[in-house]
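Attaching a single structure in structure tokens format; questions to follow.
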Amino acid sequence: MAKVTIDDITIDVPDGTSILAAARMIDEQHGTNIAPPTMCYYSKLKTTGGYCRTCIVTVEKGSEKDPRPMPKPVPSCRTNVMDGMVVRNTTSPELLEARAGVVEFLLINHPLDCPVCDQAGECHLQDLGYENGKEGTRYEFQRREFEPIDIGDKIKLHMNRCILCYRCVKTCEQITDGRVHGVINRGDHAEISTYIEKAIDNDFSGNVIDVCPVGALTDRTFRFKSRVWFTNPVDAHRDCNNEKCSGKTRLWMKGDDVLRVTARKDRWGEVEEFICNSCRFDHKKTSDWTIEGPSKISHHSVISQNHNELRKLQLGVHKQIKQLDGTKIDLGEGALNPNNIDK
Amino acid sequence: MTTTTEIKFSDSAQQQVQEILNQYPADKSKSALLPLLHLAQAEFDGWLSAPVMDYVASILNIQPIEVYEVASFYSMFNLKPVGKYLIEVCQTSSCWMNGSEDIVRYLERTIQAETGQISPDGMFQIKTVECLGSCGTAPMFQIGDKFYENLTFEKIDTILDDLRKENKRSRYV
Amino acid sequence: MSKKLLLTYDHIPGINTLEVYRQNNGYKSLEKALKTMKPDDIVEEVKKSGLRGRGGAGFPTGMKWSFLAKPEGVPRHLVCNADESEPGTFKDRYLMERIPHLLIEGMIVSSYALGANTSYIYVRGEYFYIIKILQNAIKEAYAAGLLGKNILGSGYDLDLYVQPGGGAYICGEETALLESLEGKRGNPRLKPPFPAVAGLWGRPTVVNNVETIAAVVPIVNGGGDEYAKIGIGKSTGTKLISASGHINKPGVYEIELGVPVEEFIYSDEYCGGIRNGKKLKAVVAGGSSVPILPTELILKTAKGEPRLMSYESLSDGGFATGTMLGSGGFIAMDEDTSIVKNLFTFARFYHHESCGQCSPCREGTGWMEKILKKFIDGKATMSDIDLLWDVQSKIEGKTICPLGEAAAWPVAAAIRHFRHEFEEYVKNPQSIHDVKHYFRLNNLVEA
């Protein structure tokens, strides 16, 4: 076991736990909100993480044995805790400033087309920009542009929106047979592509839609049907004859119509179980499903929580925050405990 | 490009493929990808079409996308047809200080094609590239595996004349 | 005359052939190593020598070797990093072209020391003619029993292969190089694990620069202690310096570490001074990624002491007033040089070479290039200088591999020491056109 302190909260975790996983455990146990945001890491897939740099944290003390601080911020998703490690995330203004820089980098070439993007409302980049970014843009140049393309009849690729998290590539590598898409070209010309026109077509390919943190890969069967916040999510299941699929899904309903079927997601925005394309695309009638009840959406997002409450949650359980200029703001007794926030 | 002609390495290239494959453990043959792409580019008109890349994938028993990913990453692989002689002009720091911009302009005027375009006679194409490790002999360009250094306009005239006479596609391998 | 250990015989005709190389002490260290030393003895000598990685990072080679994991039954590999691509650096090319057998001898001795039976030399693809030189030399070495089975009757086996790159600066980063050698995109790996534990094909691997491996030959021949006596302080031995820019004698020089910078620039033994009687304006001392320094700071430290060509002296004063030895890519610029325009070529370079894997480098390098282009085009404003500073600071230290720093440092240093030049381009956009940045060639008159 290793004892690790993140934003002044200490927890014991098994050896080999990442800083990110430890921070998520703290949030689950204490109801805090100190876990760093993630855009590329995905606990359900192997070898993800490390690319986007949004989950960086400051390691103030390396370990009990070697207390030296780490010279640079580290990606919490791919850095394991050491016994005695002290980490700062929401309590380090310098770190938050560095993260704001990463957010800016992710946004300079993003089209900001949220009004016409099906992902809006459940987009992790939207959440990230809102919670960790800054107002306005300092980028004045032409943004990168690609034409949207259809990857088969069910999936739409808007490369303009892609942040190159590699999740869809790893998904196809790990849960489907025979990957046909990947990352081509280099640097800021890199793009998700099949290179020559090809459909991503196999029983589990639809999962790339669910793992995509942005609106780069969207469900063509749901295209422009509704803003997600006008739909009602319910958990449902069916007897799926694909042995690798549990048939446990989330239906996004409007009245009695099933507009969309997705996997169920946890509070970190990750799917609980991958689902097959038949459940996702071919079963759009309520009679296909046994409905369990309304989904509890625990993943916070722009639309799922009140603006001001979210800001408070971000501050975790701290009574004071230090600003960049060194002065401290007193936030008031109890005001920041998420348990005190009206639900 | 259509696949009307069969894509297949020549006998001597096939032999080289075997030699290359022998350099790695049997289950690590994907390591041969870069050498094979170089060989394929030299064999098939100086560029890599999708069918050529699929052919390389079939030799290594990997998915075609794995080849596209790699070929499009490295700057030496041409994914479009190129002029018979690809003139790769270094433009970084020391070469810039020693007049690489003038070299490019002079070349463009001489071959009558802008950088990136194939000259009207199909012979030449200019490509601006980053540091080729010839900083002490700047300015320079590379054609195939050959470095042309300490360039002057007069030297360029001679080089291009000689190549026109030689009239044989440049290659690295 | 400076002490030479690597380029002792480089001007002898035919030294690229095995025959002439052997007539000039070639493969002596191999005989000594295989006949009189155990592998660990060699590691010990390299440790004693104080040799530091010559690719740029300057990490102690002996220590790197001692980190190599040696699990039972798992093959280990030595990979030579000949992906020399840092602008201003061309020493490895010179060494491989002139004396290929020196590298091969170093590879065999080092592979023996590390217990590797298959080793690779990864050469940047643009150096294809060098690849052919190395392949010929390797063929000669096999024929002479210096490679293959039972080398010189010692029972030690080694196969040595040359692998071409495909054109990507990033493959000079050791884990990107290994990815490339595995036939993949040159994306640097997240560390840990380090190559010493999981490198090529997941096996324990040491990656060393060409010059580092070549230096093992004189270390084994003369002993680590003797090597350590050369140089100054912790900068032991000799270093190949690639000199370019506005100097009278560009080329590769082997220097004893500790030579004063001033002597290196102005002595006829080395660069022979600045061309056309011009004054020196600035120097990039260790390859494009290290901070540029103005004349007063490259010749003397902030304390007023003479600056020496050594790891310690060049970095004296930190980044505020110092720089780094880096790969030894020494670019001297005369008084007419536009620092901003030169920086633009660096920024374009790093933008072109970013692998695109992590967001600060992928997005930030292109952004910096675009801002710098505004200066060149006479369209920049004063706030662009601060923006540029801020963007580089947001890249530095946030990326997977050092390319982020390599792209950020030159920008930071140019603003730190030459801010007035950026300001001049804002105040007087015409001034960029007044700069005479064409030297050897006559300015081309547009028809």
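Order of writing sets the chain letters: A, B and C. Residues in each chain are counted from 1.
One rule holds for everything that comes next: a residue touches a chain if its C-beta (ideal position, glycine included) is under 8 Å from a C-beta of that chain, and two chains touch if they have at least 3 such contacts.
If you're wondering where the values come from, they're calculated on a predicted model, not measured in any experiment.
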Building nodes from the protein chains and edges from chain pairs that touch, which of line, ring, star, complete or other describes the result?
complete
So which chain ends up in the middle if you average the CA atoms?
C
How many angstrom lie between the CA centroids of subunit B and subunit C, rounded to a whole number?
25
Rounded to the nearest whole Å, what is the centre-to-centre distance of subunit A and subunit C, using the mean of the C-alpha atoms as each centre?
40
Sites on subunit B at which at least two other chains make contact
66, 69, 73-75
Touching at least 2 other chains, the residues of subunit C are 168, 185, 352-353, 355
Touching two or more other chains in subunit A are residues 183, 185-186
For subunit A, which residues count as touching subunit C in their complex?
49-54, 56, 71-73, 75, 78, 98, 101-102, 104-106, 108-109, 138-139, 141, 163-164, 183, 185-190
For subunit A, which residues are in contact with subunit B within the complex?
178-186, 193-196
Within their complex, state which residues of subunit C touch subunit A.
168, 185, 190, 351-360, 362-367, 370, 387, 393-394, 397-400
Given the complex with subunit A, which residues does subunit B contribute to the contact?
50, 63-66, 68-69, 72-75
Would you mind writing out the residues of subunit C in touch with subunit B in their complex?
84-90, 92-93, 120, 124-129, 132, 159, 161, 163-169, 180-186, 201, 242-246, 250-252, 284, 288, 329, 331, 333, 337, 341-342, 345-346, 348-349, 352-353, 355, 437-441, 443-444, 446-447
